[in-house]
């Protein structure tokens, strides 16, 4: 089993989700994050004082998948999340030694 | 000068001014969080710019001695010159209160009317373009219509059309202007595809509460005294709001068996809009009927934008245009001379035995306002669009108005500490921090 | 008709109406975020339904000519028929203001009183059941008690019990009704085990500020004129609130050396509740004493629910019932004829040398209201519970009222973009999007 | 007693009281979320403590019969004894309204002035020290200055210095007191290095709206009647606020081509501060000029703290001290006897042909207030700092005032359910839960 | 060392925490997440327009543990988080090559 | 490739970020978390009722890095995040089988 983690632009979540559903992915877990990288942040001004914000909002997606699905999933995410502008984000894959579905106690692929 | 009347109109003026921050919240709660400040700004800045414009030139066009054919006023009151605090308005508008009190009471109407329009093109208008648009609109659209309807020599006034507190002048006028403006500005990116849901309904409910509260000044203050007319206008106002809230809720309940909080708040506003022109002319039962009508009809009208495909962000057309028309026509139906004290011929609507006479005049007033305001606003919008520009750049729209137009964010609730500061002294611009950073996320912004 | 008196009572009516949105915020800030809209709705919808019900039938029961034995009024004013804007109330309630002004001023009391009760069963009541409950309650519990206490022919009025602005009619009445209702409805799931902490105290503090502001209309407006009595009621109101805030803070400081913001806001409300019945009868020192008493006693009373095991979500019993009783009895102690202008026999309490006469009458009024309201409310609650039902399903309670009762969420602050929309046109219900999704989390909801 | 005048001053008193919750929000929105309640508390608690202190002793020092040389009043009105509701103030302050109405109107000023100071040392002051500080300050600094300027026998009043509604007494006084206090208290940890950005500007904009609304009572109420003077003060107030908002926005636009929402709100307040002393003495054009001046100058003055290195958290010095001085001096320039009804010698400023006479008196009044208030406040601050202490411990500052001073958090929006509760019954302190836990994060707090 | 990650229903956090404390677990890190899966979301209505929300709030728990504790911990989480209704969530285990306690620099099991 | 995860005190984020930038780290992803551990929480009081909050706010940092950089990065984080008071947090390292830059599709070290 593997764990695919993707950091994407928030407004791309929908497209990513849909393309994953297209691959038969049944579930995923999402959370808000903020990213630091090549993409510039922005400036804020309050009563004349200027503040530089280097972090930009990102969405973090986690998907537990079967080994053989990893590549197509990574490809699907990259395709769906791409805008070709700086800050599109990253995808990485981490080994998962076991996955359990809490409701049933099922393990491995059955847990997905 | 009667101190009781003067005190009441002063209090009413404060109430009407307070409606604009209320409107700011009502609108701001419905946009996405990345546009909350930009939306608040639309109302708040109007309090600044419109006040001054009104004093300088707007007032005299609306309430100066008639220049020609009841179309607009002479410039006698330019810069409020000749607006006395010791004597009433020469044309007898508010015979028991100082002229300046009448003028400042009207100033509050001139603030909120342009601000109402802003709800239609929320989330995509350029701030500079917005200022230009409402400024020109106040002088060339609002002021003349106010003259027609409210000045004793205004041609619609002389025609006998009734508008107690602004059904045509304020709501229809703002509502149709909103329609014209959004046809020029166009839809928000993603309209009809993406979900634009209210980001903070507590602001919207509070705003609706403030509007309801302030509307007592709007309508009952329009009696220009603390008298029986003010009393019945006050009563009608509360009942219009109440019935509107119930009407919208009932419509929702019929549709999917759930009344929504936003629906009830919207219904109250719709009811207030509908009762506005009628408030001094109808009794409690008439007020309840008009409010119900306003709530039910508007709850249906807000769906039109999806069907017809115009992007009226916060339903200014659905609530103010439609609600205003409902109220103006209903005035011709429910008006009762016994309440208003007008003589029967002028003050009785259809149900009070006045026949279709009054209703006919109301239709004319509505029609004329619709046409004039639509055409004139279209011209103003196109002019501004062609020069300063009305629409923000797409990336600015995606980023949100708060950051793109004002360099601010509304909320930094979960902010960490230890952020660096680019520079402190207001006027200096060079960075003082080698690696300036801030870990806060602009709420609702986008990467 | 005096324009000054009329203007002041109109302004006061607006202030009292504004208290209800204030109450909405005060309450809404204290619930969990998943119930914020449902809680706002309890107050806001009361502004709609109670207004209409009051005009239709409530008012005449309360202030119509006495029907029998000072128990309730005749139906003369059904639908506000005969409520004139030119002449005062026939029984001389507000001799210098139009009858309609008195009637609409009272309408605002009829809105907020049922809304007060809602705090007790917050976070678990079914919306439809709530509407039925407060509607029946207004007509069969509130209106009669108002007749007893405030109508010149009401039996408690004739007995000589004093209630300047609603200690018995509003606060004790609502407070004991709250107790009866929650005994029927039962505790929230997890009460006493889970922590129910306020989700947004900025709303609560703002609400308290609005209540304080509006309460000037509530109490000083009850003088029904802009006179010396209004002046001393206004002064007493501010001092009651101030002393209540200080009293609660002192009690907290004594206990654990930290005054809380919620405590100070709650204390102000407790002080206002306590001063309400006394406001027109006591001087500044009496007002400070009553406010302090209210603040201290209520700060202790809010703990009772945990000891006795009833779930009074937002402490309506602890603040309004207890504070109301404190105020009603304190009126019998601190009342001073010199302030109220009543003759010594009627207007002097214990400390002003009036002996126990007045205090005795206050005890009777309190006792009668407690018993009647408790029994009658219990009946109303059981009736509604047996028919429409008062309690939401457990899953709905877990999900929260906002989603389960109104299909809305209060906050979508960190909303992403790119959500799909199920369908746009309001009336259509079929999905238009193949994979409708939205990445926003309903704040405070549960999986 | 005139009912119209009385009603208007009562309404104005309510409006001024409402300004303090408005101020609470205005300030609270600008701090970090971990200090939101502590900041709200500063204003809200002042409504409690200052009201009582005013009645007990403050009022008689300010408005009691002059004791000696126009420096302070005799104790005749201790505890409001002799403050009648039937007769006006013996010295003729408000000849047509009850003395008690004048006294309670002034009470509202005594609440908000100390609360204004709190913005300067926000985010770091100890609550107990704060209470002590403002209490002593009210009695020994505010009350005397009010006597000098507003009591007919006050020495600055007799000198002929003009202050219609509180430029010197309220704004300069509070502003310079703020400066003195922060010099004693010191800077916030991280000032100038860390970014302290507003956590919720919706609160700040709402607060500004409430302040604008309430300010009508503040200035127009100071006419002590519903007359022509009130009318022109009301008009000047709205124009001052409007011009201030525009002025600040223009200054920002010139600087970096973006007007900010916070800037416009701050400008409105700056304009209101500047117009306050002049409101009853200038016409519409003068009011616009003064407002613009206030907005522009203050938008520059708020940058001074970074240059000079004092930590005025929410710019009390930059807005109230600077704006107050601008207004007081501008009064000497723009005052027009024709507006105020004073005789030419006393009421005409520089531009109205009065020469430098009035301006000179204004300079003296400003200078004296600056010196006295700075020195006296410095003494009060040092006294409190040496005894109770003014500054929280560093760890408490890091944690935030909400938790460290009041054991509360402002927001629990994303709260989960299923939290355990330590104990329920208010007075008990032993834990009842073996593993008490709560999964909510104190917003903005730190590990 | 292993890293145990659990996605659970928010209102179950308390029970999970307590049962882990029962196993002598000294610490954990928690964050808010939203999940997509078999469990349906809900519908929202604003001014007559309907919106479907497919994501449901979840709580994400991360626990760094010693290898030999993994199984009992997973079992404990599954038991405490179970409601037997759809949406109970998942647990997965990822290898952790090193764990350090910042305060002391301690490594491995001592860092927990 | 490795994934370095650090749980730190929120107000330390800046220093950590700067020291990582010093090591030439180009990017990182940050999210809000709350921690349970030896560090005590706090008490809240509402209308006399007391509540104990055991969780304290923490910031979670994720950095995908090349194997040879891991040690210096962990050291840098530990140094920058240390306050020597309880609750400073943890750092752990997880293997990452692949990392992709969405914008370009670059893999491995080039993706960083």
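The letters A, B, C, D, E and F name the chains in turn, as written, and every chain counts its residues from 1.
Methods note: a contact is a pair of C-beta atoms (placed from the backbone, for glycine too) under 8 Å apart; a residue touches a chain by one contact, two chains touch by 3 or more.
For clarity, every value in this text was computed on a predicted model and none was experimentally measured.
Novice: What is the touch distance from subunit B to subunit C, in steps?
Specialist: So the least number of steps between the two chains is 1.
Novice: Pick from C-E, B-E or A-D: which interface has over half of its contact pairs in common with D-F?
Specialist: It is C-E that reproduces the contact pattern of D-F.
Novice: Decide which interface, B-E or D-F, involves more C-beta pairs in contact, and give its chain pair.
Specialist: Of D-F and B-E, it is D-F that has more C-beta pairs in contact.
Novice: Could you label the subunit B-subunit D interface same or different, taking same to mean over half of its residue numbers are used by both chains?
Specialist: different
Novice: Where the centres are mean C-alpha positions, what is the separation of subunit A from subunit B, in Å?
Specialist: 44
Novice: If you average the CA atoms of subunit C and of subunit F, how many Å lie between those two points?
Specialist: A distance of 50 Å separates the two centres.
Novice: What whole-number Å value describes the gap between the mean CA coordinates of subunit C and subunit D?
Specialist: Computed from C-alpha means, the inter-chain centre distance equals 31 Å.
Novice: Averaging over Cα atoms per chain, report the distance between subunit A and subunit E in Å.
Specialist: Measuring from centre to centre gives 18 Å for this pair.
Novice: Could you check subunit A for residues that touch two or more other chains and list them?
Specialist: As it turns out, subunit A has residues touching two or more other chains at 10-11, 17, 30-32, 34-36, 44-49, 51, 54-55, 58, 87, 89, 94-95.
Novice: Enumerate the residues of subunit C that touch no fewer than two other chains.
Specialist: Only 2-5, 7-8, 11, 195, 197-198, 200, 206, 255-256, 258, 260, 262, 299, 302-303, 306, 398, 407-409, 411, 413-414, 416-421, 424, 426-427, 429, 437-441, 446 qualify.
Novice: Which of the residues in subunit D come into contact with subunit A in the complex?
Specialist: 30, 195, 197-198, 252, 255-256, 258, 260, 262-263, 266, 299, 302-303, 306, 315
Novice: Which positions of subunit B touch subunit A when the two form their complex?
Specialist: Checking each residue of subunit B against subunit A gives 398-399, 403, 407-409, 419-424, 426-427, 429, 431, 433, 436-442, 445-447.
Novice: With touch defined as at the start, can you tell me which subunit D residues reach subunit C in the complex?
Specialist: Residue positions touching the partner: 1-8, 10-11, 13-14, 17-18, 20-22, 24-25, 28, 36-38, 40-41, 44-45, 47-52, 55, 79-80, 83-86, 98, 100-101, 103-104, 107, 127, 200, 203, 206, 402, 405-421, 424-427, 429, 438, 440.
Novice: With touch defined as at the start, can you tell me which subunit E residues reach subunit A in the complex?
Specialist: Per the touch definition, subunit E meets subunit A at residues 2, 6-8, 31-38, 54-55, 58, 60, 74, 77-78, 81-95.
Novice: Per the contact definition, I'd like the list of subunit E residues that touch subunit F in the complex.
Specialist: 1, 3, 17, 26-32, 64, 94-103, 105, 111
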